[in-house]
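In the part that follows, the structures are each spelled out as structure tokens.
One chain, chain A, appears in both complexes that follow, with chain B as partner in the first and chain C in the second.
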Partner chain A sequence: MRLAAVQTAALARRAVVGTLRTPQALFPSLFFPLVLMAIFTASFAAAPGRIPGFPPVRGFLDFALSGAVLQGILIGGTVAGAAFALDIEGGFFDRLVASPASRSAILAGRLAGGVALALAQTVLFLGVGIAFGARVQGGAAGVALLLVLAGLLAVAVSGLGIVLALRSGSSEAVQGTFPLFFALLFFSSAFFPRETMTGWFRTVADVNPISHLVEAMRAQVISSGETRTTLIGLGIAVALAAIAVAACFQAFRGRLRGAA
Partner chain B sequence: MRHAVAVSAGLAWRSLLLVRRMPSVFLPALVMPLFILVATAGAFRGIALLPQFEGVSYLAFTIPLATVMGGGFAGVNAGMTLARDIEGGFVDRLVASPAPRTTLLAGPLAAAGLRSLFTTTVVLLAGLVGGAGLPGPAETGVVYLLAMSFAAATACWSMGVALRARTIQAAPLMQVVIFLSVFTSVAYAPREVLTGWLRAVADVNPVTYLLEASRAAQLEQLTWAALWPGLVAVAGLLAVLGAWALTGLATLGRR
Partner chain C sequence: MGVADVRLAVEAEGLERRFRGGVVAVDGVDLAVERGEVYGFLGPNGAGKSTMVRMLTTLLRPTGGRARVAGHDVARAAGAVRRAIGVALQDAAIDPYMTGRELLHLQAVLHGFDRARGRARARELLERVDLVDAADRRVGTYSGGMRRRLDLALALVHEPEVLFLDEPTTGLDPISRLTLWEEVRRLNAESGTTVFLTTQYLEEADQLAGRVGIIDGGRIVAEGTPGELKAQVGDPTLTVALADPGQERAAEAALRPFGAIVPGRSGCIAVRLPEGAQALAAVVRALDEAGVAAAGLDLARPSLDDVFVAKTGRHLEPEEAEGPVGRPAPAAR
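Coming up: the complex of A and B.
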């Protein structure tokens, strides 16, 4: 058990260092969310308080912050999955499986690496937001809850990437899922409140889990963490993370059976 | 001259055929303008309740953004095609042939314009289905003209990058600059609504004037005063980025 923990930590460290050493992998998950946050904040600064249905916020930056955090995790998860697929393509995965390393440590290491990067990224985004005037109304407890949500979402998204990597063995296939996440993000309340949407778009945003995740994160920033919204978001995040981990292990077993 | 036109037309046709032969590369460029239209108009429609929008439909307001972005994607495709041709050795063979070098730019440029014709039509039809309506024939012509001009300008930018970098790995650079140029303009809201740094950047960004002219046409508010800044912006972009592409062409054979 202790050996498995050591192996998990070593593989998690390798995942983190590998991403940090590949700026072109790290760049999109930092650059795009921050740039979009800046653009949306400057474009929609007049919206709070003047558009019916817009939740009470100090400023649009407070509203946009959680959307940027979530976007960064979605992109980072795709990168984690693609890195795992590169390990498969390059033969490192096969060597790892042939070694006495714990099988669960191979998956847990990659997932833990994804979570560590997501948490660091969330702290960075919060820091940038606060530097430009955002305030986390939920205080330290709000930040802690936001990090829990970010960590769970990172497990879910990285897990999905790992499943695709194990099933396809191709980093291109994993990266090909990015447009799907992009669509999920825009058809949600990540950038604008659901209350201002109408028709079929509102229906899609209502059933889109991303809406509930981002609203739970946002509740920590713009209020003191509205309980119902937070619990719904946490429930969805836990369920998605559990499904992703179970799917990872199933895909892992499937790949080993296929190789045997 | 006639020979150069024939070669350019051949290269343009070849670029257009690649859409069918490599759909995974080119399909996103056709789908993305539609996605931008639907996602932007759906997600941000509430912002149009601000008085500065003067009651216009946000779907109609977004159509020029989608047509211009369609032009931008067509331009990036021209650069990506050229980068692939450089990597694959096709450009070397063409340079060694008696065909004028400028046909290397003119062919993909024409293809980018034609592709943007297609994406603009798709976006306008989607707007029509969504209830935005079509502007008059002259205004529709202006929407097409500005999208095609932006396609030509971004094709020059992307081909200039391709000629210098000589690798398809430069594609993200082509895309990021075009995205930033569009999204730091009046992409989501009129200038009167923008604040802080974005307002300052949008004021000096030529894409702002192009989008404002296209928007005036789409919303049937087109006047000469609304059109001429867009035309000047397009002319400026074409002059500067055309020179960027031509000087890139001059570097062929130096390395």
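Coming up: the complex of A and C.
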């Protein structure tokens, strides 16, 4: 048990170090969310309070912050999945499987690496937001809850990336899901409140789990953590993370059976 | 297969791997490799060598038959197999963003070494494979030969009982290839490590392996020591081109003590040389003493390729230029 933990930590460290040493992998998950956050904040600075239905916030930046955090995690998850696929393509994965490392450590190492990067990134985004005048109304507890949500979501998204990697064995296939994540993001309340949407778009955003996740994060920033919203978000995050982890193990077994 | 034979490092019985779509990559292979042996699995691309290695190293489940490695069943005791084996797979599977030392440390952790022991072992192995200077550089900057050496070092971290090398020198330049061969020989001689290697190069199997299994179409078509296999095809033949065709009789007389004279082209004398290249010096001396001037000497050894042709009707290496060091055909010119 202790050995599995040490192995997981070593593999997680390697996942983090590998990502930090590939700026082209790190760049998109930092650049796009921050740029979008800046553009939206500049464009809609006057929106809160003037658009009917817009939630009460201090400023648009407070509102946009959670969207950036979530977007960063989605991109980071595909990067983690693609990195895992590269391990498979390059044969590093085979080396791990042929070693006595436990199956759980191989998966948990990559997931933990993804979570560590997601948390570091979330802290960075919060820091940038606060530097530009955002405020987390939920205080320390709010930040903690936001990090828990971010971590769970990172498990879910990295996990999904890993499943795709194990099934396809191709980093291109994993990266190919990137637009899908983007669509999921734009058809949600990540950037604008559901209250200002209408018709079918609103319906899609209502059922899109991303909406509920981002609103749970946002609740920590713009209010002191509205309980119902927070619980719904946490529930969805836990469920998605659990499903993703289970799917990882199943895909791992499938790969060893050799479906090729 | 019943009770494990403790003398055997690798044993397979009717081992088979079918893929979806009905492709049979390994088609009922029986195998027995003794502890301390260097066993060469020789065959062309797509013969089933890698599939065989993937099954023996627990990376792929067999679809039929059984296999034991270091006494453990690959399907039922995969964990025990993994602790006993070292694996260096095709193309040196190494993370380019890590340094050699970092990868060795990681590998040591995966084998349950504590930090201090892992570091000491990494230093030892870096020295052994001559990568001390490159240890803290990212692997992406390594040459092909350096990668293979690091790959080998990674496979040796836990002093495995059985070492699997899948095409260890494919794509390497001749010097790097020789260095790697030397290391494999040393390992086998000093630590008694059993080595199971696959190769598509005759020279490599010939140089390294005590015993060779020739695989084609997922089946073993011939097995034995390189000498035995070649002897099945025949002795090497030395052809002496005479500077003066009038010296034919004198040349024949000088060569007869070395072996049977066989029909040669006109102006040439050909003799079977069971001792091969080792007899060359004596042959040259004998010709010299008989006053025979040779315009050229050509030693044609039956190669493992001849064995392969005899067993399958095809050549192993269609383009000789792709071969490693080149076939040892012309010993002198």
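The definition used in the following text is that the second predicted complex is superposed on the first by the 258 of 260 C-alpha atoms of A that agree within 3 Å, B and C clash if a C-alpha of one lies under 4 Å from a C-alpha of the other, contacts with A are read in each partner's own complex, and residues count from 1 in each chain.
One rule holds in what follows: a residue touches a chain if its C-beta (ideal position, glycine included) is under 8 Å from a C-beta of that chain, and two chains touch if they have at least 3 such contacts.
Quantities reported herein were computed from a predicted structural model and do not represent experimental measurements.
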In the superposed arrangement, which partner chain does A:191 touch: chain B (first), chain C (second), both, or neither? first
Applying the touch criterion given at the start, work out whether A:35 contacts chain B, chain C, both or neither, answering first, second, both or neither. first
Now for A:201: first (chain B), second (chain C), both, or neither, which partner does it touch? first
First (chain B), second (chain C), both or neither: which does A:43 touch? first
After the superposition on A, what does A:183 contact: first (chain B), second (chain C), both or neither? first
Quick one: is A:51 in contact with chain B, with chain C, with both, or with neither? Answer first, second, both or neither. first
Check: chain A residues flagged as touching chain B and also chain C none
If we count contacts the way the header does, which residues on chain A are in touch with chain C in the complex? 3, 6-7, 10-11, 14, 17-18, 21-22, 87, 90-101, 256-260
The residues of chain C that touch chain A in their complex are 17, 19-20, 54, 57-61, 79, 82-83, 85, 87, 89-98, 102, 105-107, 109-112, 138, 154
Touching residues (chain side chain A, partner chain B) in the complex: 24, 35-36, 38-40, 42-47, 50-54, 179, 183, 186-187, 191-193, 195-198, 201, 205
Mind pulling up the chain B residues that touch chain A in the complex? 28, 35, 38-40, 42-47, 49-50, 52, 172, 180, 183-184, 187-189, 193-199
